[in-house]
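Here it is: the structure, laid out below.
As written, the chains take the letters A, B, C and D, and residue 1 is the first residue of each chain.
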Amino acid sequence: MSRKTYRQAVSEALRHEMRRDLRVVIMGEDVSGGLGAPGEQDAWGGPQGVTKGLMPEFGRGRVLDTPISESAFIGAAAGAAATGLRPVAELMFVDFMGVCFDQIFNQAAKFRYMFGGRAVTPLVIRTQYGAGLRAASQHSQSLYPIFTHIPGLKVVLPSSAYEAKGLLIQAIRDDDPVVFFEHKALYDDEEEVPDEAYTIPFGEANLTREGSDATIVAFGRMVKFANQVADSLEQDGIGCTVIDPRTTSPLDSDAILDSVAETGRLVVVDEASPRCNMATDIAALVAEHAFGALKAPVRMITPPHTPVPFAPELEDAYIPSPARIEEAVRGVLAAKR
Amino acid sequence: MQLSRDQLLRAYRDMATIRAFEERVHVEFAAGVLPGFVHLYAGEEASAVGVCMNLGDGDVIASTHRGHGHCIAKGCDVKAMMKELYGSVEGLCRGKGGSMHIADLSRGMLGANGIVGGGPPLICGAALSAKVMKTGGVAVAFVGDGGSNQGTTLESFNLARVWELPAVFVIEDNGYAESTASSWAVGGDQLKRAEGFGLPARRVDGHDFFDVHDAAGEAITRARSGGGPSLLHVVLDRYYSHFEGDAGTYRGPGEVDRLRAEKDCLKRFRKRVIESALLGKDQVDTIDREVAALIETSVREARTAAKPSAADVLTDVYLSY
Amino acid sequence: MSRKTYRQAVSEALRHEMRRDLRVVIMGEDVSGGLGAPGEQDAWGGPQGVTKGLMPEFGRGRVLDTPISESAFIGAAAGAAATGLRPVAELMFVDFMGVCFDQIFNQAAKFRYMFGGRAVTPLVIRTQYGAGLRAASQHSQSLYPIFTHIPGLKVVLPSSAYEAKGLLIQAIRDDDPVVFFEHKALYDDEEEVPDEAYTIPFGEANLTREGSDATIVAFGRMVKFANQVADSLEQDGIGCTVIDPRTTSPLDSDAILDSVAETGRLVVVDEASPRCNMATDIAALVAEHAFGALKAPVRMITPPHTPVPFAPELEDAYIPSPARIEEAVRGVLAAKR
Amino acid sequence: MQLSRDQLLRAYRDMATIRAFEERVHVEFAAGVLPGFVHLYAGEEASAVGVCMNLGDGDVIASTHRGHGHCIAKGCDVKAMMKELYGSVEGLCRGKGGSMHIADLSRGMLGANGIVGGGPPLICGAALSAKVMKTGGVAVAFVGDGGSNQGTTLESFNLARVWELPAVFVIEDNGYAESTASSWAVGGDQLKRAEGFGLPARRVDGHDFFDVHDAAGEAITRARSGGGPSLLHVVLDRYYSHFEGDAGTYRGPGEVDRLRAEKDCLKRFRKRVIESALLGKDQVDTIDREVAALIETSVREARTAAKPSAADVLTDVYLSY
């Protein structure tokens, strides 16, 4: 056990699994880097340095740099998964899904079903998401609702370093295709993380705070904000349960419904665009299955229905803030049925 | 490549099976008993069989929307295929896939594909599996002339080259993508395109089994022995229209009749093996009879095979949840 | 005015607009057909014959067949829209979005915003969607929630021939990118449709039935099913309001909230996969903004979270049926707060 | 092609402006005052300017993530560009786009693009607009060596060919995509690829303005006069690392110093025009001074230019809703 960053946690998970299972290979643009170049080899390790050091240890045979051809290499990862390997492919930013989505949602996600259960596709796609780095419209999106919408895909949103390591090891050992969303503003966050390998099961929410006045469901980086809000409200004697579902598909509906049964009040915080997103997914779940327990309207805290803007003032206004979340919790507490 | 008598018999049987399967599916579809979107491979048999005769169970192919021929050539169970088309739970994909997604991974058949250009990236992956796990396996993607314009296909050419994969791309150029002529839709030239990406490439007459078999053998041997990817441009014809239901009016007058009369890979094969006494006429006739019986039984069994129940909708999405 | 099929209605809309505005061009695979072939020219008119006859009238200069290169030609439509044309591109089945989504969601949808309002992109993408034709997993999806999720896109779901004509003309005259979803099982449906051009504004729901006991919100083909259910319940003295929002983006929230304010009971019927779909979107809207009016839990009727299966028995079980909708309406009527 | 003195002055001014802009952005970024992801074009100036000197306001270009040079060469306002990078509401995209999405449609600059391979399909569309509306316009897509492996790019080659579009594809091959060498990632050869799709293609030295200008002129003239699309393979170098923040360790020892010393399109241009007395040294020096002043003013103004307000987030999504 020692303090590790989210970046290190992801990196360790990859290293553990590559040591443990020869079928695990990784691929992506510059996951090693320097290929064919005159200078340093393993020069990049991906844009965040997450995969640096893997090529020297495991060789170019298992750490595969790729041309900028996402359809071909994400599809290759799907094809390799269906034929015996356990690839971890890096889609550098989830914003690039548009050039390769077919291989993810029509191929990898559907093999098992279309082929009558006679295929396994143990594929992991690691990808960066989220706003906050002034990377603007095409490098800042939180497109996990789209992947959650697709039957056959599992979708993971690690909210901290500890979560990242355990969930990624689980993802690699899982026999279904998994899309693993790393928030680009979390890579430097640190916490205690075991040195050894461990798994966190999918579909089991984590209650990061417990309280009986209101339930906050949040995803990825928004869990951090929700925790801050819960801590601040605690000072005022308001107890919040913060639920980090960890995986949006499968979803731990029970944890959410049980908590709402107790608190009767729900705020959902989602960094994704507001239409057909996880906030609506959770709000709808509760409106259907915990309606009787609700003491106030559900509140959804999301960005506006716009692309992510560039200028810092704009982006800061775009991202759901702890202040907005706190205001919403106070709102549901004040509201009466 | 010199073929043994057994190999010749197998080649003829496989081609004849595909032909008979497709002719019968055409009839069944017209009778309104077959559901779904169906694309027939009749006329193109020498391509699937010429290529797949060079492959074993450890090798993998990816097919197209026009997948029945590749399935049969790769050794999939014909009865289970027919049951799949009939939507039976006893089908190759338990009735969930249908014609456009028919597959059998245990035979290295990675699926027909409803997405034009869907297969080539997958085949890069199958080739990667073979390379990493050192199985000696080879992976083959079948692609139509139309599919040769899909970015996924073109990217795969390059990926296979830079990763030095044991992969072969087989462009089955039947002159049309739906109703659009490949002479219009394909800019440049298939062989030059391949060479542009550094892939060795050969053009072959897809009506001639021996031609296809030979060129495919060369490409597959190259791949298997570490020589990397290559491409085959197979020029052939489809007898039926794009899908069952297409009137095919874009064809020239008498085009199909002429194709059937003059460009029939089965007739050509028969003629050649019989004239050169490689096989006896009776041997070939016997196969025809056996194939006819097999297809008849397949249809009979498929008609009464068990249908899935509503509860089956929910299975097979995930291995674990 | 005369009876016309949905197919004819779409076709007429295209013809009207191509006559009216020289900048309107159409493109797609075999939208005319027979190009380079020895036989009939204009041999196809798209897979449904919708665009047949346009090439002879407007010429190959404005009716553009394409290679099977969706990224290139959908992207070309976006680029053409940004530079003066008003293209209507046909994505044959929405299931094929995966090979060209980038050009839709990162390019066309974002131009206006990214470029600070200094671009217009009058692009229409027509596409087929929906189950029912035994076309199986890769040709039967209802992916409109994905497009609805993307800011910058407008999303239209015509539920009948009349709707199709008016909404398509509106789409072509609209200066923003519009994705126009034609349900493949509706093409032969007939009704009275004016011969002249008319528009139906976006964001204005159509109340196809009115009643004060329950609200049913449905999309596309599901509107037809909802109407059947409403008519059948009418026999039992149960009055339903059926809302066809027509466009999921923009959404006529007011129409839905107003109706729920009256009925207090809501069933949402969506043919799309259940997670992060329009059913959750509407249910969440109501849970947040009409909570006080709700007398029963919201019910969502959707397919299961699986790909679309092939066999008729399976596909019939997959598609939301009038029977399931009726059961849900009776359910919300029976439920107590 | 013979260039007038005015044209030569403009060429030098544009190249010098790009260089000065980028060198300054590098400094500003390092000082931590510039937000976002920034990719610098320094070293590649002769390509943008050599191509765009052949274009007018009615012609359209699509750029890459490395877009500042193309913007300036296409006539975008330098001050408004700098303001955009600073996230000002007075910027070219009112602070919403930033470096990766900088655009000015009124100048025919269809945007930098955060998506590698995003531009070529768009350029097919711009070329189609010109063709349908008979404007005589030409559309040019700039693509990196890395972007040349993207399926969108390859599909566009074919679409431009079969639609006979007035389009030109300019592959700016600076030897690297991020840290990966193009010698590894690009299978085959750019010219052969182009020819595979039926596109006439030429390779030029991207350090030599005249070479680029000449080849681009030929391609653009061909397109403008109805001769269809073609491709330019421009071989050049970038001085900075992939993005501001990349240590660039994949470069060989002394690589950048050597490039700056030996492969500088600006130095080469100066030398040539002065030695051949096409321009006077004083004229060139004057431009240098004016450019330096312009960049200085741009930064000064950008630093204090108005920032957007939170309410601006909500505007510009749709034209009407």
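As a convention for this text, contacts are C-beta pairs under 8 Å (C-beta built on N, C-alpha and C of every residue); 3 or more make two chains touch, one makes a residue touch a chain.
As the structure is a prediction and not an experimental result, all values here were calculated from the model.
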Intersection of the contact lists for chain C and chain D: A, B
Computed distance of Cα centres, chain D from chain A, in Å: 35
Between chain A and chain B, centroid-to-centroid distance (C-alpha), Å: 39
Chain centre separation in whole Å, for chain D relative to chain B (CA means): 45
Per-residue multi-chain contacts in chain D, two or more chains: 93, 95-97, 101, 113-115, 149-152, 155, 158, 162, 184-187, 317
For chain A, residues that touch 2 or more chains besides their own: 67, 69, 71-72, 95-96, 98-99, 102-103, 106, 110, 113-114, 136-138, 151-152, 305-307, 309
Contact graph of the chains (line, ring, star, complete, other): complete
Contacting residues of chain B [partner chain C, same complex]: 35-37, 87-89, 93, 95-98, 100-101, 113-117, 146-147, 149-152, 176-187, 248-253, 255, 307-310, 312-314, 317
Contact footprint of chain D on chain C as seen in their complex: 23, 25, 61-62, 64, 66-67, 69, 71-85, 87, 102-103, 106-107, 110-120, 151-152, 154, 174-176, 203, 250
Touching residues on chain C, where the partner in the complex is chain B: 29-30, 33-41, 43-44, 65-72, 95-96, 98-99, 133-139, 304-307, 309-314, 316-318
In the complex, chain B residues that touch chain D: 149-152, 154-155, 157-158, 161-162, 184-189, 192-199
Of chain C, residues touching chain A in the complex: 71, 95-106, 109-110, 113-114, 136-138, 143, 145-146, 148-152, 248-249, 251, 272-273, 275-281, 283-289, 291-292, 294, 296-300, 304-307, 309, 337
